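Shown below is the structure under consideration.
When the chains are written out, they are named A, B, C, D, E and F in that same order, and each has its own residue count from 1.
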Amino acid sequence: MRISARNILKGKIVDIVKGQTTAHVTIDVGGAIVTASITNESVDDLGLKKGMTASAVIKSSDVMVAVD
Amino acid sequence: MRISARNILKGKIVDIVKGQTTAHVTIDVGGAIVTASITNESVDDLGLKKGMTASAVIKSSDVMVAVD
Amino acid sequence: MRISARNILKGKIVDIVKGQTTAHVTIDVGGAIVTASITNESVDDLGLKKGMTASAVIKSSDVMVAVD
Amino acid sequence: MRISARNILKGKIVDIVKGQTTAHVTIDVGGAIVTASITNESVDDLGLKKGMTASAVIKSSDVMVAVD
Amino acid sequence: MRISARNILKGKIVDIVKGQTTAHVTIDVGGAIVTASITNESVDDLGLKKGMTASAVIKSSDVMVAVD
Amino acid sequence: MRISARNILKGKIVDIVKGQTTAHVTIDVGGAIVTASITNESVDDLGLKKGMTASAVIKSSDVMVAVD
């Protein structure tokens, strides 16, 4: 599957914390750390585990820009 | 200002393309390229320019995870 | 690629309207019509055309529920 | 109330799972299954129950497009 | 129609700027100014005009919190 | 830090409810009540407490418009 989301940042899963319905998955993408809030079902369906290679996928309309 | 968004990826602006109302700003964050769709007004208000240091800011609920 | 987004609605592209930076792609998913606002670059990169089979992909945290 | 969201997919609620603050509501929209992550308060305020008629509402800027 | 979005801020439209596909609608909600990026089609379908009463509707998962 | 998000609504925190991973923070912005779903970590990192001055920050592409 190829997707229209402009941002596909490949890295390695460094942490997974599950709540009752929502999980937080942390991915190291070349030094920068990206946190994703996804459903527990997605964690299970994709078989996500610490140490796995995975990508953070982000639609460009969900990215803001900040300056100091 | 400090913000609740979990993902603040610092980098350098490599491109800015303005449409009639929406602009696409591309930021190099340590090798990975992140594209943001923001309003033209934001580009002007923040004084964004190619080569500037800037951060891509993303709420964790807007990040998905993909595996091959 | 498999993705954490819970909603992957397969259908057929019925319309594509490009603006200067943003395009609107309309997909018929089994009778229901779904409109996606994506970048022009995505339309070009994926080679999207009217009549093509394509899926509307939506993160569950972006879905609201309404009742009459 | 009429809303600017382009995508209003009418169907029937097939499942509701509540977490501590966030609930997952699954709606069958003419065969396709759509999952919404909404607050528990919304579930209570709208009186959502399995079997009810309800619509999945999605802003077009939150819809991505994927192809095989 | 009642919707699960937690934030429905009633006010008055103070400006509408249309691009080729995307419009920016500005609403004064009791002093605070809220800008919405919506499709041109939505502006036309809802018959939005300066001076009209309208609400800004925002899903709580799209709201961040900032402190100084 | 200055950010591209068009909507920065300053107010006072009136309630914080934590779930296992996600918290709901309610802010009174000049009379209107805005609810934010953010991670528990953000609540802790920003030191959010009832009565504090804080802003609700919302990207304009996440704002819809509704009329009666």
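One rule holds in what follows: a contact is a pair of C-beta atoms (placed from the backbone, for glycine too) under 8 Å apart; a residue touches a chain by one contact, two chains touch by 3 or more.
Everything numeric in this text was worked out from a predicted model, so none of it was measured.
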item: Shared interface partners, meaning chains that touch chain B and chain C; value: A, E
item: Pair in B-F, B-E or B-C that repeats A-C, with over half of contact pairs matching by residue number; value: B-F
item: Same-residue or different-residue interface between chain D and chain E, half as cut-off; value: same
item: Rotation angle (°) superposing Cα atoms of chain B on chain E, nearest 5; value: 120
item: Mean-CA-position distance for chain F and chain E (Å); value: 17
item: Chain B and chain D: spacing of chain centres that average the CA atoms, whole Å; value: 29
item: Chain C-chain E separation of Cα centroids, rounded to whole Å; value: 22
item: Multi-chain contact sites of chain A, meaning residues that touch two or more partners; value: 1-6, 19-20, 22, 24, 35-39, 41-42, 46, 55, 57, 59-62, 64-68
item: Interchain contacts, given as pairs of chains that touch; value: A-B, A-C, A-D, A-F, B-C, B-E, B-F, C-D, C-E, D-E, D-F, E-F
item: Of all residues in chain F, those that touch chain B in their complex; value: 1-6, 36-39, 41-43, 45-46, 55, 57, 59-61
item: Of chain B, residues touching chain E in the complex; value: 1-5, 19-22, 39, 41, 59, 61
item: Chain B - residues contacting chain A, complex; value: 3, 5-9, 13, 24-25, 27, 29-38, 42, 46-48, 52-68
item: Of chain D, residues touching chain A in the complex; value: 17-20, 22-24, 35, 37, 61-62, 64-68
